[in-house]
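Both complexes shown next keep chain A, but they swap its partner, so chain B is in the first and chain C is in the second.
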Partner chain A sequence: MAQDTAHVGAGPATKRPEVVRAKESPVVDPEQVIRAITAIDGGPRVLKLYMEMCARCGTCASQCPVYYGKAEKKYNPVERSDLIRDIYKKHCTTTGKLLGALVGARDYRDGELEAWAEHFYTCTGCRRCATYCPMGIDNSVIARKGRAILEAAGMTPDTMQKVVRISLETGNTDGASPEAFKAAIEFLEEEMKEEHGVDIKIPVDVVGADYFYVPPSGDVLVNPEATTGVAKVFYALGLQDRWTMSSHYFDGANYGLFTGNDADMKADNKPYVEEAKRLGCKVLFMGECGHAYRIMKMMMEPARWWGDLPFTIMNCMEFTAEQIKAGKLQFDKSKNPQPVTYHDPCNFGRSCDIVEEPRIILKASCQDFREMYPNRGENWCCGGGGGLSAMDDIHEFRMTVSGVKKMEQVRATGAKYVAAACSNCKRQLAQLMEYYKEDIAVGGVHDMLSRSILINGKAAKRVDYT
Partner chain B sequence: MDAFALLVGGILPYLTVVVFLVGMGYRFRAWFKAPQPGKMTLFPAPDSTAGGVLAETLFFPSLFKGDKVLWSFAWIFHATLALVFLGHIRVFTGLVDRILMAVGMSADNIGVMSATAGGVAGVVLLGTGLLLLIRRLTIQRVREISRVPDFFALLLLIAIIGTGDLMRFGPHFDLEQTRVWARSLLAFSPDVPRNGLFLVHALFAMLLIIYVPFSKILHFGGIFFTQTLVKRS
Partner chain C sequence: MQPQAVVFGGKEYTLDRHGFLDPPEQWDEDFAEGMARKLGIHGGLTGDHWAFLQYLRKKFLEERTVPAVVPACADNGLRLSRLRALFPTGYHRGACKIAGINFAFMRDTNLWLTYENIPSVEPEHRVDDLGFLQDFKTWNERFAEWVVRGWGLPEGLTDRHWAVIRYLQTSYRETASIPTVYDVCRSQGIGLEELGRLFPEGYHRGACRAAGLPFMT
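So, the complex of A and B:
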């Protein structure tokens, strides 16, 4: 079930599907590209400022995981952003119009989108540069603009395009049918029965439930322990029949964020909001998926894409951490004796400030929790952000360039398990461990909880998780 | 009055003021007008209350976390630049001297104080300006993204500081000349100092001021906009 999807997870040998590239590139209208760039002159304001106020001080490059992995000019964030900035200068700034090449301004060159397709998909969108830039410039916003231009020209890399298409057609990025989903859920319920000897339910399509759980589909189909963890939390709290999943909408992943296509992003988002309304839930309960939560909490809700919402939006880690703090959950830490570290997914850390919650859960459920440095909002990207993790055609780049720093960071902790609350991070991390032949397991946060939480006084029977 | 002096001391100042004000007004207006559909929250969120933006403006904390070496060059550079700006009030009006005398300082003491503070500031500014330039030339990740305007801004600045320092440490330059000049400009009948070094210094300085609204030196304006966009929601 896992093959050929965006969320092949922590399992061993990860399959690498053949890369299919469009043989003939679509005909690109240069005017269309130039129009998209000159439109920045009228806003959004941040993007306009990013075009005009870079001090060219090089700080971003020293903080970028890609440039860290390989200090090549084409990986310098400023160089990448200049692809758009130089054309903007030519058309929209006084000096650019008057002095042209002398100030770096230039016009769009026919056929260059081909190269853009490579360059704009070497930024992981991690926003680390923005954290340190003296001007607050977020190069990922410029890269996303570049991707939007590629998208409009029909030149989004096939791997990305495919994920978006599947998601819009089926409601989830794995392309799984409701039947397949229900079968997977039944399987998980059986597993939990074996582990604990009691019936721990994963309710599906229950109208009137309080919590509507939306994980990334990988957390049901590929690395389901995060979902069993959530189910056990509800069971332990006696909220077994107060939550539900949807057999049609069980994947918060939304690749419109990554292709730069706002219309797709909204089209992919809307059914989830409608499903939440249909189910009449009080809380849209997002799973361990950084970008899904970011889109819901930081974009959709404040920008009121769909007006007033009859529910609140919460992340499952916030909920569980609260319950732990309130002393409502008990654990047998000896079930997780190995050293465990936490990788802050960029979308949870820098973009949503969900940083303490996963630590509370991991410290409660593991014997030996170790920090990785730097961490929280300053953590380094796994190297697969911005959707890159799903792109098998750039596997080599992700392993030998963008993921280099992460591998060093993980090694330095001496951990035997890296937890990451994100399917994309998990996929990239697992591939890194395989590539560098490290014997380090990769998984989610609730996964660790699932192995050690006490249900009726007892932790799960299974001991060997390798 | 020879043509160069008239041009630099009699015409350029007016042009500078007009171009600078119009240019700045135009840029700020364009920034204000551009809509911003949403915030760009980034955690740990820089505090974008007025105080937070002020702190970012005065101490560059993001840069401090990012690159301590550049931070020290840039911070000392900017702090000294600010000092020198203030110092120039004394260059153009006798008001500061009169206030200082009113609180009991002698003309000699004022001279010594200004020579020391101004001299140190001038040397530090030149030093950090050169360090920024050297950094640009030697560090690969900065060198590869440096272009003509980046060098132009720094070289022009170094030229201004250099000529300023030459006046400070060279033959005595009587500030009465610049004060007369400033007054005469306000009265629209320019009385231009004949000191060649001064004219070159003033020329470079006005070129820089004219250049500001059209270049990345305007970074100090935009920072208010970017910082206020990353506030906590």
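So, the complex of A and C:
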């Protein structure tokens, strides 16, 4: 086997593009910033209303994971949104034009953008404030507008720029070649063969398959159990010839959402839709990635970015939960005896209403499932949302400010495994456990399924090498 | 988390805030052995460990890259469970850490490498409601390490701890009963106070539990 897959490691490194860093001190044209803000007036009505409706009641601050972690003025969502709102008032509202500072209006101050780069990247975009705001103001939308202004000025943080760039150039944020991907898939098939003694296939590039599976970043190369879980579901249902993955597009991550760059977001999205069409699939089958699913299901499809679609969009957890409800999958729960809790990723819980499905899967595959409170649409963010999870220069902030509430919630459950259907949440959660020296494992939902699902009446049996 | 330092074999090594060797030039075999013990490899590094570590060092030093866990296992013909058995804390937090690859290099090579979660293993040991091992035969050093986590032992489990644990196990195996605390003190030539210092959680809930003995009813 070693010879068969000897070329695996060689793939990614050579293809990695050079990262173009932002200029040391970008020249920012104040007019450009003001133009971007006044454009809100003629843009989507909802953002315009966000500019005009805030009652400054402070409800958002009381519901914000960042402000909970540290009650500083700069972490208050209102204050952050006011960076844009105040300038908008100055230029676009009658009271602002006439009364100025009396109604909080002010003009853009030269050099202010430097500070914005910090402020708008301390919002996790979790939208918890929007759930509670009596006016329904979604501060994450305003923060994204702020990030878009930073992006236009070339001031997006390096990590974000790099992820977007690699993704646009290779189709995948990890920059792995199709050969490396195929070899990794082969390896996972061997893993499953060892676990179950039967050939469970992960079809690749099969034209005419019904389901085209798009996992989140890393779920093949780094956290492979989610992928083997999905493969086992298809096998157990007798559908193992009806699904496929793509060796070119296997990573749903789309950081254009986080940098506020709509053009990048669409450019990153398009190849996946094209590939789904090329493969002729009936269902674009999204993996455990909140923002990837949200972009596909809540943005691309309803806004008709690419016109009519010859396929529907579904999340793998919806599919698996349906099959469990129909009694088509069986489990040996004793394989997962430890207490398990589920962290609702904001993009699934609040933005896509995928809340019961992961619970159905975890309750079916684990002995001791525990809720954390609050949960579902009211869950607290892990502290790494909005792409922050990938930024290690703010590691300390993520651990001691934005992630504090989540850590308290997890501890209160007494769980030894936190499942999250999101790579960004998983990275943040794993770092939290390390930081606070908690002996709690972190992983996905289908990971737990993979360990307990019965294939031909038997759950996975791993060779014990210890 | 601030940058830290560790001392192995009398030498000091500086680590970054994630606990990875930094700068990487400090790496030597003493570091690898010391870090391995810290990361739950109690028997020291074996030939299998070294083969994998050398593969990683070669990739790191000559090819200036770090493969992701799946390609790395595929290259070396290792099953994931074998890797987990070799490196209980996982690939990036285990093998790469021992191989002296620094966190920043790994992250800059491929962000997703650092997305690997704490290794997902079936819980290795079944315990009862009180945290006592259900089946004595399944005991290994990792269980003892797991039990003493959170006790705040300054140097973790020392030779003196292991001597007590081994005595308890031998005695339990031979007599099928749990020795009294006085038997233990006599055999080790220590007093109750000393034993209390070694096992701050007490004799039964501390020492016997770490040794994998069942709860005495």
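Rule of thumb we're sticking to: the second predicted complex is superposed on the first by the 439 of 466 C-alpha atoms of A that agree within 3 Å, B and C clash if a C-alpha of one lies under 4 Å from a C-alpha of the other, contacts with A are read in each partner's own complex, and residues count from 1 in each chain.
The rule is short, and it goes like this: a residue touches a chain if its C-beta (ideal position, glycine included) is under 8 Å from a C-beta of that chain, and two chains touch if they have at least 3 such contacts.
Because the structure is predicted, anything quoted here is derived from the model rather than measured.
**Student:** Go through the superposed model and pick first if A:43 touches only chain B, second if only chain C, both, or neither.
**Tutor:** After superposition on chain A, A:43 lies in contact with chain B alone.
**Student:** One more residue to check, A:299. First (chain B), second (chain C), both or neither?
**Tutor:** It touches chain B, and chain C stays clear.
**Student:** Report for A:337: first if it touches chain B alone, second if chain C alone, otherwise both or neither.
**Tutor:** The answer is second: A:337 touches chain C but not chain B.
**Student:** Pick one for A:53: touches chain B only (first), chain C only (second), both, or neither.
**Tutor:** It touches chain B, and chain C stays clear.
**Student:** Looking at A:62, would you say it contacts chain B, chain C, both, or neither? Reply first, second, both or neither.
**Tutor:** The first partner, chain B, only.
**Student:** Going by the contact definition given at the top, which residues of chain A touch chain B in one complex and chain C in the other?
**Tutor:** Chain A residues touching both partners: none found.
**Student:** Which of the residues in chain A come into contact with chain C in the complex?
**Tutor:** Chain A residues touching chain C: 1-2, 5-6, 8-9, 11-13, 16, 159, 162-163, 173-176, 180, 183-184, 186-188, 190-191, 194, 217-218, 220-225, 335-338, 390, 392, 395-396, 399, 416, 423, 426-427, 430, 433-435, 439, 441-443, 447, 451, 462-466.
**Student:** Of all residues in chain C, which touch chain A in the complex?
**Tutor:** 1, 17-19, 59, 63-65, 67-77, 79-82, 84-86, 93, 103-104, 107, 109-120, 122-124, 126, 140, 146, 149-150
**Student:** Going by the contact rule at the top, pick out the chain A residues touching chain B in the complex.
**Tutor:** Going through chain A, the ones touching chain B are 41-46, 48-49, 52-59, 61-63, 67, 71, 73, 76, 78-79, 82, 93-95, 102-104, 127, 130-138, 141, 298-299, 302-303, 349-353, 355, 376-378.
**Student:** In the complex formed with chain A, which residues of chain B make contact?
**Tutor:** Residues in contact with chain A: 30-31, 33-46, 60, 62-63, 65-67, 70, 74, 139-142, 144-150, 214-216, 218-219, 221-223, 225-227, 229-230, 233.
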